[in-house]
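Structure first, then comments.
Per-chain residue numbering starts at 1, and chain names A, B, C and D are given in the order in which the chains are listed.
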Amino acid sequence: MINKTVTNVEEAIHDIHDGATIMFGGFGLCGIPENCIAALQKRGTKNLTCISNNAGVDGFGLGLLLATRQIKKMISSYVGENHEFEKQLLSGELEVELLPQGTLAERIRAGGAGIPAFYTPAGYGTEVAEGKEVRVFDGKPHLLEHWLRADFSIVKAWKGDTAGNLIFKGTARNFNPMMATAGKITIAEVEELVPAGTLDPNHIHTPGIFVSRIFQGEQYEKRIENLTTL
Amino acid sequence: MINKTVTNVEEAIHDIHDGATIMFGGFGLCGIPENCIAALQKRGTKNLTCISNNAGVDGFGLGLLLATRQIKKMISSYVGENHEFEKQLLSGELEVELLPQGTLAERIRAGGAGIPAFYTPAGYGTEVAEGKEVRVFDGKPHLLEHWLRADFSIVKAWKGDTAGNLIFKGTARNFNPMMATAGKITIAEVEELVPAGTLDPNHIHTPGIFVSRIFQGEQYEKRIENLTTL
Amino acid sequence: MALDKYGIAKRIAQEVKDGYYVNLGIGIPTLVANYIPSDIQVMLQSENGLLGMGPFPTKDKVDPDMINAGKQTVTTIDGAALFNSAESFAMIRSGKIDLTILGAMEVSEQGDIANWKIPGKMVKGMGGAMDLVASARNIIVAMQHTSKDGQSKLLKTCSLPITGLHCVKKIFSDLGVFDVLPEGGFKLLERAPGVSVEDIIQATEGMLIVEGTIPEMKI
Amino acid sequence: MALDKYGIAKRIAQEVKDGYYVNLGIGIPTLVANYIPSDIQVMLQSENGLLGMGPFPTKDKVDPDMINAGKQTVTTIDGAALFNSAESFAMIRSGKIDLTILGAMEVSEQGDIANWKIPGKMVKGMGGAMDLVASARNIIVAMQHTSKDGQSKLLKTCSLPITGLHCVKKIFSDLGVFDVLPEGGFKLLERAPGVSVEDIIQATEGMLIVEGTIPEMKI
């Protein structure tokens, strides 16, 4: 069996260099690669361009790398939860590219699907359309959007096997599967790593071919952003 | 619970009209909607445009509708298994549009994803490129391909629930999930229909929102095209 | 008296019909779920990857891996399905959502909506709103009629960066219910309890169309 | 003596390296699977939606829902994954397949390949071949060197409708092994056992490059 296992988070991220473009899976704090983010902070890798739907919160998720000024640029769709982010953005310290969430998801999917560009109606007539080609299909204007790819994609799954196959749980799936396909090197951290042959091939969300390295995270805090109960 | 159940195959296909464009799931004879195809033959609906990766074999699958001359046009990627098909094609009785398999899959996926057009490298420099826009990305020429949608999509799943959620088995998945998203009306026949709430939401391949009607097929022959054993 | 946010949510809940797939934005729209009549069957879509969203969990059922687009912990109902973000927006762009309910900072009489940015002040981002307004067939807005300093938010043209053009079909504010006409203009359909047509005229900068007697809404 | 199809498959199997993801076309390429050394780890991709294809099943394990792209009944190995056709070609177009082995009717000295249509005679369709040749990084061809009536199939330019331009990297025929040079031309690397360079020159219409002594292949 092709084996993608690495021993720990340090080995998984050992070659992430200053200035790298990195995709981070997750929606809010749900389904984020906690172990890799913490290790990147410890390692101090700088000038990162981060592609992530959100930017974490103050003190958790990508908020950790914002606090230490390791992020040069964010490509996201919604950043309303993070004060440090807003501060760095309004002061001009942080470059930010905001994209419609569906366009972000589809551009990443296109990157992993070998589709260099596609047309979508989202954003027509808005700031997002600036500098983009407009084309009318069936009487409706659309924007040309290009694929997104990254030097590294870092994703978090519920279960994974040594062949790199991944299964996500609940809404922690979100951007993780597309990002897994769009990294030159894709690093997967999982809650439970099992031998190849353990997972039902019919249940796999991300086939192992997309995963370069896999390891079981030491611990998951899984912080909840808005705890709401009946 | 929103309930998509219809009582039988006749009710499921009752409004398929002469001249309709229909997508049929399946790869070869694997994962084809046997019950709907048989019922369409019985009903005698004519002048159909069929979008299907293959055209069945003589006497089974879409071969049944070819034998009765119910198909006006086929949009497929590979039709090498069907002598009736080749005869009708070479004699000019049958219109045929052949597409690269990945382009076919992606055009259907685009139809269900609200992406009117995209660029792909497949087919550049070949007959398939005739009349299509060529555009160079990263030094490589690509073709502009448009979405495919259909009046009806007919898919076959292993299990389904009353809310229309579908789970496919093995390689019988193939084109079925994309086609389910690209029909104005999507009809799903399943081997086993269960109450909503029975299937694990994490294992569902096609969310019920894409399915208009669902029923349990009376019988599945599941003919094997090339039986190969050790 | 003008409605509070619960009142707006209650009134909007009447727009939800049996068999609908519905996407609820953050804020007032999220509250709508609490008032959907129990005798109709509805599936709520959350664009982070869930169709068939249920109520908030009881304390012992909280699962950090199960949240909605507002990052609140939620549950699933029978018939729910989970999927990734690309599939979620495939669903949205292909027009499968019957009703989309969004919050707004401003709406123009042409149906333009602004709800993602205040230049120099606040940048939340558009999230999924731009995709929703560009593709959904049926978009209604839940909003306060005026800002805290009394400025109308139903305008001739939006002053803030817009989220989408010509997309809002109906507005439910604290003062009333309005159709946004295809040819432009806010057509007054209902008044909030105790709110007069005069009050609404006062609070509306964009073209307001008032025809005949305007009934008070029932909630 | 020229190789039979099993001999070609055996020789190609030596090109498969440890850790490779491999797509095998219909015909001779499918046979390659039988000769991959047991001490290397390989994952076979079948474009109908399977990664980790195993051998044919024993009679009692036949499953009509588990076939390969040639519609043959197959099995899965540990670590296999199933997916739909769009995901399968996403994998292919994004360059994740390390080695693609295809059959061909003709190959030109520029690396063009024709394998899907004989005008007026035979129309099988291109299946996944056009996607594979347009995107895969490493495409090798398994083919007979000449047609049944002795015409060369390694040509200056293809006479049949082509499947893709400038994509074939290497050819394994019944007579030998050839690099297709980036600047054009078939560079002879190995002779089939008992086949002379003279035989190969005779059978090759396109530009053949022969440098130094050409070893006999080991199979």
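We take it that a contact is a pair of C-beta atoms (placed from the backbone, for glycine too) under 8 Å apart; a residue touches a chain by one contact, two chains touch by 3 or more.
No experiment lies behind these values; they were computed from the predicted model shown.
> Once the contact rule is applied, which chains count as partners of both subunit B and subunit D?
Both-contact set = A.
> Report which of A-C and B-C is connected by more C-beta pairs in contact.
If we tally the C-beta pairs in contact for A-C and B-C, the bigger total goes to A-C.
> Based on mean C-alpha positions, I'd like to know which chain lies farthest from subunit D.
Farthest by centroid: C.
> Subunit A to subunit C: how many Å between their CA centres?
28
> So what's the Cα centroid distance for subunit A and subunit D, whole Å?
Roughly 36 Å separates the two chain centres.
> Please work out the Cα centroid separation of subunit A and subunit B, and write it as a whole number of Å.
Roughly 33 Å separates the two chain centres.
> Quick check: what residues of subunit B touch more than one other chain, meaning two or more?
106, 109, 113-115, 120-121, 168-170, 202
> Quick check on subunit D: which residues sit in contact with 2+ other chains?
As it turns out, subunit D has residues touching two or more other chains at 50, 82-83, 86, 89, 92-93, 135.
> When you check every pair of chains, which ones turn out to touch?
A-B, A-C, A-D, B-C, B-D
> So in the complex, which bits of subunit B are touching subunit D?
My answer: residues 27-31, 53, 76-81, 86, 89-90, 96, 98-106, 108-109, 120-128, 158, 168-178, 205, 222-230.
> Which residues of subunit D touch subunit A in their complex?
Touching subunit A: residues 19, 21, 41-43, 45, 50-52, 76-83, 86-87, 89-96, 135 of subunit D.
> Tell me, which parts of subunit A touch subunit D in their complex?
Those residues of subunit A that touch subunit D are 1-3, 109, 111-115, 161-163, 165, 181-182, 195-197, 201-202, 204, 207-210.
> Using the touch rule from the top, collect the residues of subunit A that touch subunit B in their complex.
Interface residues on subunit A, with respect to subunit B: 106, 110, 113-121, 135, 137-138, 142, 146, 167-170, 202-203.
> Note which residues of subunit D are touching subunit B in the complex, please.
It comes out as residues 46-50, 55-59, 62-74, 82-86, 88-89, 92-93, 117, 120-131, 134-135, 161-165.
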